[in-house]
Amino acid sequence: MAIISASILAADLAHLKDEVERVKDHIDEIHLDVMDGHFVPNLTFGYPMIEGLRKFTNMPIDAHLMVTNPDFHIKLFIEKGATRVTIHQETCYHLHRSVEFIKSLGAEAFVAINPATPLSTLEEILPYVDGILIMTVNPGFSGQKFIPSMWRKIKKLSEIRKDNDYKLKIAVDGGVGNENALELVKSGVDILVMGYGVFRNPNLPELRKLLSKNE
Amino acid sequence: MAIISASILAADLAHLKDEVERVKDHIDEIHLDVMDGHFVPNLTFGYPMIEGLRKFTNMPIDAHLMVTNPDFHIKLFIEKGATRVTIHQETCYHLHRSVEFIKSLGAEAFVAINPATPLSTLEEILPYVDGILIMTVNPGFSGQKFIPSMWRKIKKLSEIRKDNDYKLKIAVDGGVGNENALELVKSGVDILVMGYGVFRNPNLPELRKLLSKNE
Amino acid sequence: MAIISASILAADLAHLKDEVERVKDHIDEIHLDVMDGHFVPNLTFGYPMIEGLRKFTNMPIDAHLMVTNPDFHIKLFIEKGATRVTIHQETCYHLHRSVEFIKSLGAEAFVAINPATPLSTLEEILPYVDGILIMTVNPGFSGQKFIPSMWRKIKKLSEIRKDNDYKLKIAVDGGVGNENALELVKSGVDILVMGYGVFRNPNLPELRKLLSKNE
Amino acid sequence: MAIISASILAADLAHLKDEVERVKDHIDEIHLDVMDGHFVPNLTFGYPMIEGLRKFTNMPIDAHLMVTNPDFHIKLFIEKGATRVTIHQETCYHLHRSVEFIKSLGAEAFVAINPATPLSTLEEILPYVDGILIMTVNPGFSGQKFIPSMWRKIKKLSEIRKDNDYKLKIAVDGGVGNENALELVKSGVDILVMGYGVFRNPNLPELRKLLSKNE
Amino acid sequence: MAIISASILAADLAHLKDEVERVKDHIDEIHLDVMDGHFVPNLTFGYPMIEGLRKFTNMPIDAHLMVTNPDFHIKLFIEKGATRVTIHQETCYHLHRSVEFIKSLGAEAFVAINPATPLSTLEEILPYVDGILIMTVNPGFSGQKFIPSMWRKIKKLSEIRKDNDYKLKIAVDGGVGNENALELVKSGVDILVMGYGVFRNPNLPELRKLLSKNE
Amino acid sequence: MAIISASILAADLAHLKDEVERVKDHIDEIHLDVMDGHFVPNLTFGYPMIEGLRKFTNMPIDAHLMVTNPDFHIKLFIEKGATRVTIHQETCYHLHRSVEFIKSLGAEAFVAINPATPLSTLEEILPYVDGILIMTVNPGFSGQKFIPSMWRKIKKLSEIRKDNDYKLKIAVDGGVGNENALELVKSGVDILVMGYGVFRNPNLPELRKLLSKNE
């Protein structure tokens, strides 16, 4: 069954706990959009946010490092409570080392790729990752529109996974909502990262139910 | 009268609004410790936090940019609601331009210096700033101890201000609390940035009262 | 019909207007080799040059950004009069965003690749670009020799375009002249960027005529 | 007698030679504002411009390197014809080495400082330089207003020079024109870098005459 | 016949000459692991080490530049005695230029790729290199374990070489020893870079003999 | 009594142990010139060299970090055996933090300044350091000539130390030898870093004796 990862970038941060409590029955994990104002134009949040979350929830948390120096941050995010670290292919000289490092610290290791980054860049790392995060918008902001050519990318990765019998999960992030969630799952997606789709979606319970039927 | 600037880095971010509401009668403004994980080892928060704050408060907000690319961020922080932008001397090639740019956008312009940075580096910018923020700990984390040699720096800046009839305000940030606040004010400080001293200080009301008497 | 884009890097800059006037009947657009001394060892020119050009010509101008921070420059070059912006695949974290940004400002968006950069890096961006610029020399200087293995790259891109029915144009830059121009066009090239081939080529009118016949 | 250094950033680059010829009787040297779009937001010109100039003039040329990697460019600018290289204090880890390197190649070595950079940063390099360029505006663009506090800086440097019997020249760059040129010279300035003041100044001949009387 | 390249990173540097003398009959060349603490977390050695080696040996030396600014160092390493320079695909904007530059100075040009870097990134440079170094561990330290998926990469490159009739050599670096050396050679490897495998391998003479029989 | 710190950059690295043994009776400590090819044009050595030294000597070792990312390296150099770490003022945003960090790990903390860096930059850090290293040549290479204006700098620092009763030691590095060592000590220097002066100085024993008399 596909799971829902709630991007708190779309939550009302004035009431973080209330916001998470409000949706917690309909989500499976929390997605932390860590942006440093260098890799992406936005500067969002980092350690204090995961500390704030860990005060009231023991849900899985994915620290998605949209930063130019991910290796510097991996260890501390795991110590603060991240159960998964997602690093970008575009920012790592030594992607295999970084992935192995994340796993050695007991967290899941995902690799993310931007919309313009081809799947071929992942060829050598696929056997080692716990999952791949396909950015379906350019990272930086909540509320963007799903980029259409990403459908082909998702399906192609799904085929590569099947052909090679890789155990990795496929996650998508950006422009995911009621209108495309099920189709994404049918295309091979395991994890739907959603911001507006979680925190500003009156039909979230229905969407979750729909996904759960699609087992 | 000296004012208290509340560093929300020390607040419980699970309940940001409640935290601010709890202390709002005893503070004068909000201090936003923006850290990018490059200038300082910590990565804290940025735009989403000021957006969260602006949903419920119209208090003055100081965006203290502990980042290596401050010029990139000045405009957007003011658009999001910052009434002051504090930039670091250590990170600006064109400090005069950056200061004038902040002012041209209608915000106050402060320049911050790290503990090891001498006052002499500020010589040419003093006539143009609205204030100087003397870091009394190395920026990066809440809860550090005030560095003793900063007393001399504060007093010296206070003298320079007097000798030149500069209108600038003096702010201090780091290790400020009940035990040294009054003495700091007597040494010339106008703005006390406090994290623990605000959000984890049972005697905050008394401290505020004490400061207000010292007019 | 293939068009000729005149790289003013090969012009005599003491007489920019005269130089352009001299060749204008035989060229279709102007190619501005913007180099910053970081991405490439040469530092050529930028804004003042396009301002100088716009004083006397309304020809299309391609701002070819051989710089490490292209996103910083896109908007201003278009405001100064660029009708196309060419950015390098090697310098963009968020190539899809940059391409869409150029187009949103009303200019054509081209992506350039260095000689050692494979076509596979462009896989995901091809559906979105107005054109691809294949560097047929290492960028930096006028007057270099066409790298032979680029023939294969050009033909392969031409096939990819055909197979996918992409509308993009193919441009080449470096070592293009009388001896290979027609052959390049026959291989699928739409835009011939030439420096010496324009400004130091007594047979330019004949070359242009030759190309125009090849419709 | 103070000399006039003509910043070609303010010239009409469509007619570089004509522009220089037009003013050459009233100027003493050419000032090349080399900007890389990294140290400053503007990207102006570099090697092709000095090559263009050297085709028709043997006037002294000052290559003012407003770039973040000046050491990379020093040698080539001198080979292309620079008779002076001006490097910024803010960009050099090893300012003494860079200054000595410029001199060893037969050119004059000047060090420039931005408006917010104090004279104290120059303390150790003053004995070695041929001159100091005081930026009287923030570098980046022609046509800015002279920053008033720079008067004090100029006079202070002039005093330091006198007190230590340094042979260095004092140059100023930014907002210099008919209204303040003479006063600047009286304050100790030897070289007036002017853009608009040269290329868009109908009273340039009179200004020159005025300066020449002030011997 | 495959050759052995001795990585002196695994030697006892207290006795460099003795260490090299001890193994010289069983090795073919020396591999210099130049690391700058930026591209890789380790900072090893550079010019003084090749100078030390050149005082007593005229064996071929491969300067393997694990640095973020390889172009800056190519020329000087060759002047100091490197007979081959190996640069990383991950660090070169202009890989074709760098490769041609190395060859123009009379040295062999190899390109290295990290474990997570796919062979497809090399597509355009293969016709120009003297060899490819496949990193079979993440660069940085001696004594790591061979990454299993590298077998496939080696065999695939070997096939590409055969299919295209490229003359390039294949080298491997990391986790190479008695247990896999012969198998590597049978898979197409020409150069075995070994650290522990040379300096801490009592069976080195036997290994060399074994390899020499495999002609 | 002034001590001699032997810079092994001037030793014959083919015989490191022999070289150190040869001079050990006449030196007090070993100076490790760690250069990364970024802060300085030279790339010398790092961890393997201190490991090599620690195999045969327990002399004090000063790791002089001429690198652009000193904070990254401090801890590991101390773990490998450095008894002192010298960091450059020019490379540290948070010099006070770095100095305190070195001391917290049980090593001595020195701060170095380049020839063109004024003493005024050290004003705030002097109370915290164990010593100051005045570079008397531009760092990068052995065998350079002492820069004359450094005499004044040394004497001035010596006076500042006396006036403030600071306990810090003064070290000098570059162009130090028989001809100026005693005079340097008389000017206030405690530690003479010497390369050629140690390893290529037939009169080293006499120099040591001379210094020891000067108690």
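Think of it as A, B, C, D, E and F in the order they're written, each chain with its own count starting at 1.
Everything below uses one rule, namely that a contact is a pair of C-beta atoms (placed from the backbone, for glycine too) under 8 Å apart; a residue touches a chain by one contact, two chains touch by 3 or more.
Small disclaimer: the values here were computed from a predicted structure and weren't measured.
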item: Set of chains adjacent to subunit B and to subunit C; value: A, D
item: If a chain touches subunit A and subunit C alike, it appears here; value: E
item: C-alpha-based rotation, subunit C on subunit E, 0 to 180 degrees, nearest 5; value: 120
item: Chain copies touching (subunit B, subunit F) - same or different residues, decided at half shared; value: different
item: Subunit A and subunit F: spacing of chain centres that average the CA atoms, whole Å; value: 49
item: Whole-Å gap separating subunit A and subunit E, where each centre is the average of the chain's CA atoms; value: 38
item: For subunit B paired with subunit E, centre-to-centre distance based on mean C-alpha positions, whole Å; value: 52
item: For subunit F, residues that touch 2 or more chains besides their own; value: 120
item: Contact graph of the chains (line, ring, star, complete, other); value: other
item: Set of all touching chain pairs, with the criterion as stated earlier; value: A-B, A-C, A-E, B-D, B-F, C-D, C-E, D-F, E-F
item: Subunit A partner contacts - residues on subunit B that touch it in the complex; value: 9, 12-17, 34-38, 41-49, 51-53, 55-56, 67-69, 72-73
item: Subunit E-facing residues of subunit C, complex; value: 39-40, 90-91, 114-120, 138-140, 147, 149, 153
item: Complex contact set, residues of subunit E against subunit C; value: 92-97, 99, 120-125, 127-128
